[in-house]
Structure formats: C-alpha cells, structure tokens
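Mind looking over this structure? Questions follow.
Think of it as A, B, C and D in the order they're written, each chain with its own count starting at 1.
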C-alpha cells in the first residue's frame, strides 16, 4: 500500500535537491526521498542494535602492501574471527597501494568491532566501515 | 520562501520512518526529510569537487536478484563505461538478496556519475557510493 | 617425518620435467613432485567422495553479458542453492564479455552438480569447474 | 635410457599417495609419477604455445595465512608485475587456510610465468593456473 505525504521545505533547498536528483538519475522526488529514508533506517538499525542481531557491513581499506607488518596485522585481525569475513576483493592500485574490500557478516557487535578495528589499524591510509543490510527487511 | 511537495511511499516504510522520527526527536516529517536532504547535498558537494583527476570509488548495492529487469539495468549501466569497473564482488545474502561491491576507477566525473547512477537505480534497496583513494597521494 | 623414495624414469622425460621445474620456479624436483601428488590427491578425494563431505570448488565462466536470458539463467542456477555460493568475482573483459569466478562450498554432490551445471549452460563460452580443497587435510 | 632420482616427501603424504597408487592400479610409484609428469607437460605445452597475445588466466591458491613469509612472497610476486593482476578474491576457509583467486591479464608469456610462479611457491598447498579467455574471439 502506498501513502502520500506532504513535505514543506525552503525553495532554495528544493532547487538544490532537484539538481541532485537529476544528476543522480532518479526518476522523481519520491524515489530519491525513499532512498534517503531507507538509508537512514539502515543506519538506525545498526546503531540501535542490541548487538546480537545478524548484520552485514562492508569495510574498505587502502594500504601499502609493502609493509608486511601491516598486512600481517590485518590478516591477524581477520583470523581472530574468520567466520565473520564472507569474502574479500583485492585490487592493486599501483606498485605499492592496495584497495581491499571485505564483506563482514555476523553479530552486530562483532562485525562492528572488527570493522572498526580494521579501519583504524595504524598504517591504513583510508579505512571506512559501511554498515549495510542483508536487504531482508527492506522493500 | 517555503515550497510544499508531495511524496508517495510504501505504508510500511512510512511507519518505520515515523518511528525513527519520534526516536530522534524531530518535530515533524518535513524537518527530518530536510535534514536527510542537507546531508545528501554535503556528500555531493564533497565528491563533485573533482573533475578530470583519477579517482577510485566503491559502490555497494543490495538488491533482489529475482528482478531480471533490474539486474539487466545494472549490467547495462556498467557496460556503458565498462573500462571504469575494475572488478565486482558478489555475495548472495539470502534466496533473494544480493550484495554487490564494485570498484570503479577513472575520471572523477565519470566515476561519480556512474556510481551515483548505479546506487540510484530504481529497485536497489541499499545503494551507496563511497569516494575512496588510490592511496597515491597519501602517506 | 620425511621419507625418501627413488623414482626411475626415461632420461628424456626427466630433461623435459627439469625444464618445466625451472620455468615454474620450483626450488627442486621433490617440491615439484609433491605438488603433483597433492593435486592428484585433491582430484581423487573429489571423485571418490560419497557425496556428503564438505568440498570447495572454483567455477570460471566467460559469457556475453548482453544476453540477459543467459545472465538470468546463471543467476537462477545460483539461487536454487544460494547457500553454496560463497562469493563471486566479476570482471568485465570488454564491452560484451565477462569473466565470472565463483567459489562454491558445500556437500560434494551439490557442489559438483551446481558447478557442472553452470559450466555447461548454453551460451557460456568458457566454463570450467576446478575441484579445490579447503586445505584442511593437506600439509 | 632410464635415470633414477630421489624424492623426499612427508610420510603422511607418501602413505596417501600409496593408497592412490593402489586404488588406481599402478604397478609402482615410478609409473604413477611418470604419468603425473606427462600430464603436467601436456598442460604446459598447451599454455606455452602463445607469446605476445593478450591472455587471461585464473590462478587458484590455497595456503596457510599464518605463514607471513609465504603471504609476503605471494604479495611480492604480484607486485613485480602488478599491472597484470586485475583483481583477487580472498575467502577464509578456516582458521588457517585461505583460498585466493586471482585474475591475471596481459601478455601470454608474462601471465603464464606469473601464474605458474604463484602456484609453485613453496608452502602453497594447492596451486592451479587455469588458462582462460577474454571471450573476444569466441562466439
């Protein structure tokens, strides 16, 4: 079932939003706003989660492959809870730098601490944990 | 000046959004949506700042694999500029939902528009473009 | 504990094997032969498997992404037993062709029939199932 | 003319090989090993046939992640010719073992020697290079 709601906002904000909508290729405002809402719900589910629910997160890391102590530390962190790392994608950016994407899945608490631990490891140049969703409870 | 627009969305999504609004202490839906829009604009400003420089971005998508028209559309978007998609990692979340991670690399402008286009595709439940870095100019 | 065995073979075969060893970068003959033996054991474990043991296999597929009915069919085959597909790596080879690598894990019987089914799907230009191992019982 | 060489290998590996030999009906170890060598030579002939043409290959490696000197060596081999490694997929099999899939692309000669070097690295329990195709010249 579809509901229809009215939203009021400053003319200028709306104009800039309309530009964004066009640039991103959305078909209409409703679709763009639905996406913003879904995103906010995913973030909220994560932060509110008591810790035992199953969660999925993506971790993006850029680091220098030459530093073997760093590579070892990252491998060690993954091994401590290897069951939570579904898979990793590794791309060599140049002679030194790697981009590594990891899919983590498990209890919210573990996924969160593991993802943050990886992203915060000393020597990681760019580290980000993106709370995602299995999509199970989103339409 | 204040404009008023109408938004249509699934009843269930609205109910969950209303819970979020209450929990966060917003006075009404308009205020909450204005905040979501402002956040999206900030993100966009940031990533729009570049142009012809080489950029790397990660796109995370969650969608229902059963919808063949969606899968086709996503494949089509990737093919239009296939050189920019370094690789993709695909994980089946459950019987229906997939998590797809793409590494995009190319001119900032192209990477940006491609990543946003993928994330904004209708039917994508969770879509996020994360501007990353090759690490080249970071120590 | 290390055993030492003696092997007799034709001089010409040995010469060609030595070339192969050097080209592949093995340190010595023992190492090269140990690898051949391990490989043979992995193949054997697979073929001998009653069907219920846990197995890992890699499937490599090259196909034309434009053919949406093929992409759909491959997705469908993966969905029928989604739990067995650990992850997939997707690389766009050119405007049309994709290379897809899948890691399958599960009961030998299922992994085998799924891998062979994917590789044999009509329209797949190159399809190969490689019986692999979790490494658990190999030293 | 017949040569005789000595091979050293772990007692357990030898026992399992002896079982395999008996099951397959070989008369002795030499005969079984000669067959393994011939198979490897055939595979090599095939893949050596190319030279400067662009080729794609998949490398599958199973190894123990705990051995940091091995992980370092594999990373080093990939870095020497990083442009040829399109992407890698990493799956943790258990606390110790990893399955790594690499997509190599470049001149046949380089791809071949790199793939074989990776598969032959000491400590790799299961290493296989699978010559693939971009699909470009296949219908």
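Going forward, contacts are C-beta pairs under 8 Å (C-beta built on N, C-alpha and C of every residue); 3 or more make two chains touch, one makes a residue touch a chain.
Keep in mind it's a predicted model, so treat the numbers as computed, not measured.
Centroid analysis (C-alpha atoms only) places D farthest from chain A. Here the repeat of B-C among A-B, A-D or B-D is A-D, since over half of its contact pairs match by residue number. Taking A-C and A-D together, the pair of chains sharing more C-beta contacts is A-D. Centroid to centroid, with C-alpha atoms defining each point, chain C and chain D lie 11 Å apart. With centres taken as mean Cα positions, chain C sits 32 Å from chain A. Each chain gets a centre from the mean of its Cα atoms; for chain A and chain D, those two points are 35 Å apart.
For chain B, the set of residues that touch two or more other chains comprises 86-89, 91, 94, 96, 103. Chain contact summary for the complex, chain D toward chain A: residues 65-66, 68, 71-72, 75, 78-79, 82-83, 85-92, 94-96. Of all the residues in chain B, the ones that touch chain D in their complex are 86-87, 89, 103. The residues of chain D lying in touch with chain C in their complex are 1-14, 16-17, 20, 23, 29-30, 33-34, 36-41, 44, 56, 58, 60, 62-64, 86-89, 91, 93-94, 96-99, 101, 103, 113, 116-117, 119-122, 124-128, 130, 132-136, 138-139.
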